[in-house]
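Letters A, B, C and D mark the chains as written, and numbering starts fresh at 1 in each.
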Amino acid sequence: MTRKLMSLSEAIGRYVADGMSLVMGTALEAAIPFAAGHEIIRQGKRDLTVIGPISDILFDQLIGAGCVRRVIAAWVGNVSEGSAYNLRRAVEEGVPHFVDVEDHTNLTIALGLHAAALGVPYLPTRTALGSDVARGHPGLRPIRCPYTGEPLLAVRALAPDVAIVHVQRADEFGNCHLWGNLGVTLDAVRASRSVIVTAEEIVSADLIRSDPNRTLIPGFLVTAVVHEPWGAHPSPVVGYYHRDHAHFREYHERTRTREGFLAWLKEWVLSVPDRSRYMDRLGPERRRALRIAQSALSAPADFGC
Amino acid sequence: MDDFTPRELMIVAAARELRDGEIVFVGMRLPLLGFLLAKRTHAPRALGLYENGVIRETPAAELLYTMSDLPNITRATACGEMLMVMGLLAQGRVDVGFIGGAEVDRFGNVNTTLVRREGKSILRLPGSGGAGDIASLARRFIVLMPHERRRFPARVSYITSPGYGEGRGWRQRVGLPPGGPAAVITDKAILRPDPETKELRLVSLHPGVSLEEVRASTGWDLQIADPVERTPPPTPQELRLLRSLDPEGVWTR
Amino acid sequence: MTRKLMSLSEAIGRYVADGMSLVMGTALEAAIPFAAGHEIIRQGKRDLTVIGPISDILFDQLIGAGCVRRVIAAWVGNVSEGSAYNLRRAVEEGVPHFVDVEDHTNLTIALGLHAAALGVPYLPTRTALGSDVARGHPGLRPIRCPYTGEPLLAVRALAPDVAIVHVQRADEFGNCHLWGNLGVTLDAVRASRSVIVTAEEIVSADLIRSDPNRTLIPGFLVTAVVHEPWGAHPSPVVGYYHRDHAHFREYHERTRTREGFLAWLKEWVLSVPDRSRYMDRLGPERRRALRIAQSALSAPADFGC
Amino acid sequence: MDDFTPRELMIVAAARELRDGEIVFVGMRLPLLGFLLAKRTHAPRALGLYENGVIRETPAAELLYTMSDLPNITRATACGEMLMVMGLLAQGRVDVGFIGGAEVDRFGNVNTTLVRREGKSILRLPGSGGAGDIASLARRFIVLMPHERRRFPARVSYITSPGYGEGRGWRQRVGLPPGGPAAVITDKAILRPDPETKELRLVSLHPGVSLEEVRASTGWDLQIADPVERTPPPTPQELRLLRSLDPEGVWTR
């Protein structure tokens, strides 16, 4: 087993290069790797392809910061508030520059990653038949079932260069325990050439091995492990902290204009060197309010011999 | 008539679309409240599926802003992968799903991707999310949206979530399972597909709304059911429950 | 939620009918539902199609007892000992009668069930290309990838009438916690029209809800729940008991001949009315030896709010 | 020469096929012991995948009769579904897998399904299990089996696990990834494919075994590498470790 613990800036610096494709926000509205996304912005990565089902506001931030050339997603917006203004400015006006959008549905994103995780070039589905999502789509071709003859769509495998996922706890070898809603996380990790994990806690290999069924990401698939408490704020992490609805609302209000977004970006990303300083800025009271108020521990499972 | 908001009426009408014991692809915002309201009134055994991988029988203890908020995870029936719940949807096990939209057309096709305006400019919307999957694969779906003429064109500029396409037989022709929109619930009325033509027609006017108002807010020559109904207003019990679910009116005002 | 708790004889009597297809042994060598299989034999079910990756000796017993018309499997034998003599007698000599065998690989069985669980008529794979397993197979048709043009096999969806699975613990509504190796269990449950669960323990709904990520089988998919401690013996159940290797060896030795099998069947199946009497026959000392000696509990996960 | 059993030599030879850090589809019986032996000698970082859904870095604490025995679960790296590990196999991430067989032929094709005897009678074997998948999808595979003429026909009567099919280019033609058998380890010798023709040829004779004996036990005109090697006997350390792994000789006698 190889120790893979490093700082976030080292992980992003070493494993994310201009022009790469990145899958993020794989658990949907929870455990979105915002800390990693902000480090990508600070390091000025360019021409990225961002992949994910829905991104809540992370993709919007990357687009506004000029990091993104192409979006492969089912939905880009602000889940509780509505529009993603940076996506709109990029697509409608080319500000800061135009981005390509390859539209999907949640299921076609999931199946594209699942195909890559299963080692096959495509998977069939009935979803989106007849829709404009599928029309002329490079990754959704009409086919026929070899048994029934019925029309289907072939979803082309999606194999990102890098998956960035935020988890509850990991050991220094990258073996991760995660729980709550998983979205497309497991397939995204298996589909990607390298995997960066940010974790609320780094724990002993011993603790991780106490529950192999919770080890949904085995360390040998992981390239880098980063200890990054609060690394998903303002999205929630089961067992750690709530969604910061106010932060999403504030982002929505402040990013209606390009100037507003740039001010927001400076305040929350460019002028903070790392997540710990970001959390300082958030302040102790707000952190306390977001922390889960009452534990509810899972009943144990016995793996004895 | 002014003791409830248009959104409250929409949520109540959505709740009434659910039958007890049904498997529901819930969605967020208004539909979520509709689901919770139905569970506390006539559909206590309804089961909620969420595309993030959550399955719930018992309602969450607090108001949700998103389906991944912690109260939706605590004591859930099951938490897992998106494909677990999407598989159930694709199998045809989901009775009903809810979607919102920027545009809906005569045949119940919904657009949440992009609107082409006059000239060559476009308006970029967030996209499908799971809506295209619900519209494609649920046994029926319900659309909730404000009733405005620009949102109700004869033909949407982009089909994100397929309804009846070009009318009767279209879903079968393109390979979709039967399904389709069972109702479009707006802040003015309820529209349902004509069983023969699959064209949406007005079946119920909300309290205080006139036929002319609905016609003027619809971008095609809207057919009218005979007789057209009046949507029953929320009952005091419905309103009380709904307001206890969203005491600050986050989604209802 | 509906209470679904009933006796094993009621569950098999109500939900398994002659001519049905049954998927069993879905976790591979562990948690094989032997108690349910024995009840099927006692109730004299006929013309069953049995489906599973490998079956260890359960399918051999059902075949020898004359319950099976057709086998859809990757492997039928005795994992630690070798041949399945009843399968051999049935295929080679028609004793007690001929059975059809639709050969698969583990992966094509898994993909067939996965296709049904995903609601699609088939899934593509590269496995078994060029093999005689795939030659003229009704559920493995040669196709081409619509993107790359490469040859693939289309694995037809396998949707059994009934899945029978043994789990560690369930509530009376059928919500199940299971852990250890899962094999094809989750897809088998989702692929099947009805699901019979036998469980080592029946626990409160409250305990099950403490860990929704362990609830790999939600109750709404379950038709019947049976409290059946030791229901998987002689196969192992993680957290409860070890594999009874001696029992597999004894079965192997005694079933070399048809007469030997019939004597074994009488002793261990036909002359015992239920699992509790079966375990009496096994005796307290052997039970004690098989019980796990030392607990090793999983670290808790926090689902608090 | 009689201080180790033929099976012990086979296991040791199998262990030597593994390189450190490789991802291994382990299988049961002899290969399992070979994997454990390799981990305790030259390949401590080898990772074991099991088709039941188990991934292990640390060896199990007790002898396993099957991959689902409890000692293989306790403190495993991960436990999950078959498709999780089969997906890694299909992705081409598995370096090497082990399979046994009833028959192996000139091009390393393996039969574990059925043998047609003289007349019309057949011998029914258990079937593929995961062997066909390993042979199809691993980057290379190793076959372990006793060396008997009836088990080494020129052409197997049924290809359960494809080797090189009909020779060079066949795997590509039928659509299989490169892979194929890297070695056939028997109780008498080691055979490896000729890099050009892909036909199995004798590369190493076990201690005390003659060339003639191996030729007589092979059902085709066996080509011989020049020079042919002698398989090094198990070292005292290898034997000691192996016997500590299987003290009662369940798999080694």
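To be clear about the criterion, a contact is a pair of C-beta atoms (placed from the backbone, for glycine too) under 8 Å apart; a residue touches a chain by one contact, two chains touch by 3 or more.
On a predicted model such as this, the values are computed, not experimentally measured, just so you know.
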Between A-B and B-C, the pair joined by more C-beta contacts: A-B
Interchain centroid distance [CA atoms averaged], chain A/chain C, Å: 37
Whole-Å separation of chain centres (CA-atom averages), chain B against chain C: 41
Cα-centroid distance, chain B relative to chain D, in whole angstrom: 57
Distance between chain centroids, defined by C-alpha means - chain A, chain B (Å): 27
Of all residues in chain D, the ones touching two or more other chains: 54, 70, 73-75, 79-80, 83, 86, 89-90, 137
Touching two or more other chains - residue numbers and ranges from chain C: 118-120, 125-126, 150, 152, 179-180, 182, 186, 210, 213, 238, 242, 292, 296, 303-305
Chain contact graph, described as a line, ring, star, complete graph or other shape: other
Touch relationships between chains, expressed as pairs: A-B, A-C, A-D, B-C, C-D
Residues of chain C that touch chain A when the two form their complex: 118-126, 141, 143, 145-148, 150, 152, 154, 156, 168, 177, 179-180, 182, 207, 210-211, 213-214, 238-240, 242, 292-305
Contact footprint of chain C on chain B as seen in their complex: 23, 45, 47, 54-55, 57-58, 61-62, 70-71, 73-80, 83-84, 86-92, 137
Sites on chain B touched by chain A in the complex: 28, 50-54, 65-70, 73-75, 79-83, 86, 89-90, 113-114, 121-133, 136-137, 158-162, 165, 170-171, 174-177
Contact footprint of chain D on chain C as seen in their complex: 27-30, 53-54, 56, 73-77, 79-80, 82-84, 87-88, 91-92, 101, 103-107, 110-111, 114, 125-133, 150-152, 179-187, 235-236, 238, 242-243, 245, 248, 292, 296
Residues on chain C engaged by chain B in the complex (per definition of touch): 1, 116-120, 175, 186, 190, 209-210, 212-213, 215-216, 218-220, 303-305
